[in-house]
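Each of the two complexes below includes chain A, the first together with chain B, the second together with chain C.
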Partner chain A sequence: MSKHKSIYSFLIEHRELPLLGVLALLLAIVNIRVPGYLANSWLNVLKNGSINMVMCCGMLCVLLVGSIDISTTAVLAFAGAVAGKLMGLGVIQNTLLMFVLGIAIGAAIGAVNGILMSYGRVIALIVTLGTSYIVRALIPMNWLLGMNKVNPTQLTQGFKDSLINHEFLGLPFLVWLAILVVLLTALFLNYTRTGRNLYAVGSNSEAAQMRGVHLNKIRVLAHTICGASAGLAGIMWLAFYAAIEKGSATGDEMFTIAACVLGGVSVTGGYGKITGVVIGALMVAFIDSAIPQMQIGNSMITEFIKGILLLFAILLNVILQRISAKQDLAGRNI
Partner chain B sequence: MKKVLALVLVLSLVLTGFAFAEDKPGKGITIGVVYKQSGNPYFQAGVAGFQKAADELGFTFMHDGPDDGSSDGQIRIIENYIAQGVDVLCISANDPASLVDVCNEAREAGIKVVTWDAPVDPEGRDLDVEPASAKVIALTQLDSMVKSIGGEGQIAILSAMATAPNQNLWISFMEEALKSGDPKYAKIDFVGVVYGDDEYTKSFNETQALLEKYPNLKGIIVPTTVGAPAVSKCIMDAKRNVKVTGLTLASDMKEFINKGIADETFLWNPTELGYAASYAAVAFAKGTLTGKAGETFDAGSLGKLTVEAAADGGTITFLNKLNIFNNETVDAWINIL
Partner chain C sequence: MSEYILELNGITKIFPGVKALDNVHFNLKAGEIHALAGENGAGKSTFIKVITGAHQPDGGEIVLNGERVVMSDPIIAQERGIAAIYQHAASYPDLSVAENIFAGHEYKIGPFIDWGKMNREAKKLLEAVDADFSPTVSVGSLSVAQQQLVEIAKALSMNAKILIMDEPTAALSQREAEALYKIALRLRDNGTGIILISHRFEDIYGLAERVTVFRDAQYIGTWNLHEVEQSFLIHQMVGRDINQLYPKKETETGEELLRLENLSRTGFFRDVNINVKAGEIVGLTGLVGAGRTEVMESVFGVHQPDSGKIIFRGEEIHSHTPTQMMAKGLGYLPEDRQKDGLLLQWSINHNISLPVMSKECQNGIFISKSKEYQLSEGMKDLLAIKAPDTDTLAGALSGGNQQKVVVAKQLAANPKMIILDEPTKGVDVGSKAAIYEIMSDLASQGLGILMISSELPEVINMSDRIYVMSEGKVTAEFTDTKGLTQEMILNAAMPKTKEAS
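Here is the complex of A and B:
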């Protein structure tokens, strides 16, 4: 009995573990259907998933305070396009400066989102929908630095090589950058007072306020972090794909949110772990990479399968969590 | 005396007005332009053609396309134009069949429907304006690929949406040619079509899958402008010796043409296409064109264009101009396309 109890309470503590099981199961299925899939594709999964991974870290912060941001991919495209246009015009030639600029643009838009949402008391869904339309519409406009999009010839060779053609321990810098952002987010959320306050505001805002936490400041901070991560993702996108335009990454913000929810993050705030988010983001990247390889059919069928896989993964995860929660209650004789 | 002067002034003003009206045959005509997707540079270049023709002919035009490249988005835009009372619609259709009803609604309201770039089915249009016949476009790409890979090896196609009418027609001509027994295609092994949905990342992922599934793949034909740079970038990152050809913008492909990933790519000039569609639209509005096979109309700097019977049962006009982008020509085009 006591042994069982400890296993279940371990599962309760680590809600992301069942997801790891689901991921392993899906990998096994795909590997049977496409022999050698994992051996050939693991690096592509990591590379393609890096950009979403970075945005997931920002999204986690926003979800923790009980808010949401659906402008992330619009911010990605906007920050990438502005920085890319500046490089095309010869204003910026330094790779590092591109990343700094991208993060700054993203953080500024995120801060506006946060201020409107907290001090302005507009629901975050609408605020971020509004900003996403605005910044996307700005991208092709002529008065904004001319070009209506960014293509490879406008970028310096050094910038295009920066994330893809430099490797450390066999992994390109693109992947290392995502790992770095994950580690920083983990340290921030788990070991700093401000980071813990994100959880406090999301789980019980009144209690947090009583303890002297400034609610609005924390919410603005969360949105600023999310915007900054999206801005960084925009520069990563530009360095990886060497092109960006108005429609880039449209709709992908939903996969960022899906990855977080798959990873056990509560959309009502207060609960969520970076480890779960990492597994969730890997799962989404894996689904994106595996479906075309399975050669099931045309694009309509692959989208159908993608939807089914997402639902399957999240349902299985929810069921496993519920069983372990029930066992936990039984274990305590409730 | 003052009265006489005033009269003279008024008369001269009126006369100049008439003179202007005569100079600009399109004055007072409103055209509603609908394209596949807003923000797509290809269609922005198309709109530049409408603008050029508007400057010459004096008509006014509005332009719009759905964000998501959907047919229902286009239907809403067309209904909006009907309500605003445009004289002619110039449409590049995301789906040939689903716009037929709304186009006929427009025609019942006295609006002429000219399609350009991608047609609506013949029962829903008055005339279609296209760059070159589908067969010419298809075989130009296929023959270029055969040349690039030295006449031998595995090739694949990465297309746009699975429902895209242009791409499907071109692909069917390519498949037909490959099966025809023509000796120049005898050693070509066609492995199939994948769809990138005109999304950069989806096209990229599909290319990765192709490269992994076919280690001996020699070439990918990409008959869509959004897909081509994604496919080329993916091949470049994978450091594979796979050739690309297709329909592309010059500015998107310059880097990959210079690096030898693509030997040559093709495109008509969408600005000329929009320009020709404008001249057809104005001729329709003035009643000098009815859209029957054998008619001709003046298309400004493009000269006289002829209406022909189309393969789908409607009528069509071809510009018959396909530009080649290669190491020598690409630089001259990057600021245009």
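Here is the complex of A and C:
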């Protein structure tokens, strides 16, 4: 009895775990339809999912404080484009400097988002919609560093090789970078006071304020982190695809948000775990890669099925959580 | 001078349009429990926020240990040893108990949080307050009473020299309140100065040595409690005499309105049999968490029961919703008025007219403003709601007046039976008498009233019949309230498995 009860309460405390079951089910179905899919594709899925994974870490911080950011992919394209143009002009040749610059640009835009939504009291959805239009529109403008997009020829070989052609334990640096960002986020959110304050502000902002937490500073910080992660993702994108333009990654911010929600993050703030987000991001990456390979039809059908699958996964997750909650109540013996 | 650890002299606080505090005084000795009393809206909460640094006073001085200080920030007040337990548990529902206890002063190794030590220390503090839950569960999964224990553990963890308890027992049952008293007395004996705000005179007389009364934002006086009578204090708080706190009228009971037969819901209650007749006030009491609210929520259609029958006005009810039950003539006044009972961003007027929108307040298919105001103005006068006008936002009212708006909302729908869940929780003595008066009037007009309450004096004095619940079951029914004592009810309310002693 007590053993069973502890399993259920474990499930309730870890809302994200039922999702692992859903992921396994999905992979099993795809593997039956496309034999050898998993063995052939896992590395590609990880590579393609790395950039979204990094953005998910930032998005988690913003969602935790009860806010949202839909400018992430615009920031990605902008940071990547500015850094790429500078490399094309010969201003920057150092690969590491590219990453530092990308993070700095992203953080600056994120901070502006945060200041407008907290001190300016404009809802985050509108603020980030506005900044996403502005920064995307800036990308092709000629007065901004002279070129309207970034081509492979403008990038140094060292930079293009940096994430793809260097490996450690069989995984490219691209994937390791995502793992590093996940670990840093986990450390920050679980083991620092500031990280816990993100949860506190999202969980009960009034209580946090009475305890002396500066709500606006925490909100600006969360948006700055989110912007920084999107800026970093921009440089990863540039190194991976060796090109970037105005329309790069358009609409992908919804995959970032979907991955977080799949991972059990509360969109009203206060609850969300990095483990859940990792599972959610993997799930989104697998859905993204597996459906086209199943060769069900043209690309429109593929998109349709992707949408259905996302909804199905979220619904199944919710149902599994509800069942475990009901079981827990039965444990009260009333 | 040095007799007091905390002195507040001539504190004034002005909000736009309102003087919330007008030249008030207060002082506190080490090792003393000093009660702060007054009606809702007298300025007690604002005063507490001035002490804890959440509000800055517009005039006056705060003297801490003989030194004049400015509490510019809640953190400064905390660092100077001032801790507060608030009326509404100010916790983070998504975070663990340990985190809530140590929020803001976590144990750390270098820059990183030391979870092991935090959970161990939290466990010790929880043992000190007789809590039987683990420090790792999330606070949102605890009952209100358990959350209050977390708040107390939090205050203990700060080693406060000055502890403010703002209505700490409002959400607690008798037994839990007594556990809290013991903790308060222990802290006092260790030299902590405690400021106690409570509407329960039992609390004030049982714990405090001195009492300071505020009325309408002004300082009325400070007295030694063993020198003053309760009636004198009530007079000071209200500014007039209250002749009879419990105005219970004898009424004829009529037809049966509600009957529950073996009603059960997994995890909450089992085999509940309760009935309510017209003209009757039925008390439903028990410890917090006994399942009282859950039973009545199932009756009202908020949740569906798993088995058993609900018979309302002769008709068996199946898969019902609150809207249907309201149309059938059942009103429900929820316990957490901020969360379930009121739309805080709406005006008093719109709140009151909401449940009757379709019937009383329309001309054809459009809402009639004048009918709406006619209704809400009438209710405002009837219940003496303190507000400039009915366009005032519900969120701007004090707790007692918010409760009156919720009552008005139910009455506007003209129900045959109403369920009141803790109708006087956190309500001052003047408003309490008004609410009892209204209940009594309604019963004499033939309404059936079911009152869920943890306050035993009100249960005994206001009810015609009393049901007691414990651990999801009805454990006693008292049909005659004459000669009934609090001990008899408590005996039925105690969980049988744990309380062998």
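The criterion applied here is as follows: the second predicted complex is superposed on the first by the 331 of 334 C-alpha atoms of A that agree within 3 Å, B and C clash if a C-alpha of one lies under 4 Å from a C-alpha of the other, contacts with A are read in each partner's own complex, and residues count from 1 in each chain.
We take it that contacts are C-beta pairs under 8 Å (C-beta built on N, C-alpha and C of every residue); 3 or more make two chains touch, one makes a residue touch a chain.
If you're wondering where the values come from, they're calculated on a predicted model, not measured in any experiment.
With chain A as the common reference, chain B sits beside chain C without any clash.
Shared-chain residue A:212: touches chain C; no touch with chain B. Residue contacts after overlaying the shared chain place A:224 against neither chain B nor chain C. Within the superposed three-chain model, A:71 lies out of touch with both chain B and chain C [touch as defined at top].
In the superposed model, A:139 makes contact with chain B only, not with chain C.
In the overlay built on the shared chain, the residue A:243 is in contact with chain B alone; chain C does not reach it.
Contacts of A:270 after superposition: chain C is touched, whereas chain B is not reached. Here the vertex is the CA centre of chain A, and the angle it makes with the centres of chain B and chain C is 130 degrees, a multiple of 10. Look at A:149: by the touch rule set out above, it reaches chain B but stays clear of chain C. Once both structures are overlaid on their shared chain A, chain B and chain C have a minimum Cα-Cα separation of 37 Å.
By the touch criterion given at the top, residues 52-54, 73-76, 78, 84, 86, 90-95, 99, 103-104, 106, 108, 111-113, 115, 136-138, 141, 266-270, 291, 471-473 of chain C touch chain A in their complex.
Per the touch definition, chain A reaches chain C in the complex via residues 12-13, 187, 190-193, 196, 199-200, 202-204, 206-213, 266, 270-271, 326, 328-332, 334. Interface residues of chain A, counted against chain B in their complex, comprise 40-41, 44, 48, 136, 139-140, 148-149, 151-153, 164, 241-243, 245-250, 252, 288-289, 292-293, 295, 298-300. For chain B in complex with chain A, the residues that touch the partner chain are 37-41, 44, 67-68, 161-162, 194-195, 197, 199-202, 204-206, 208-209, 212-213, 229-230, 233, 237, 251-252, 254-256, 334.
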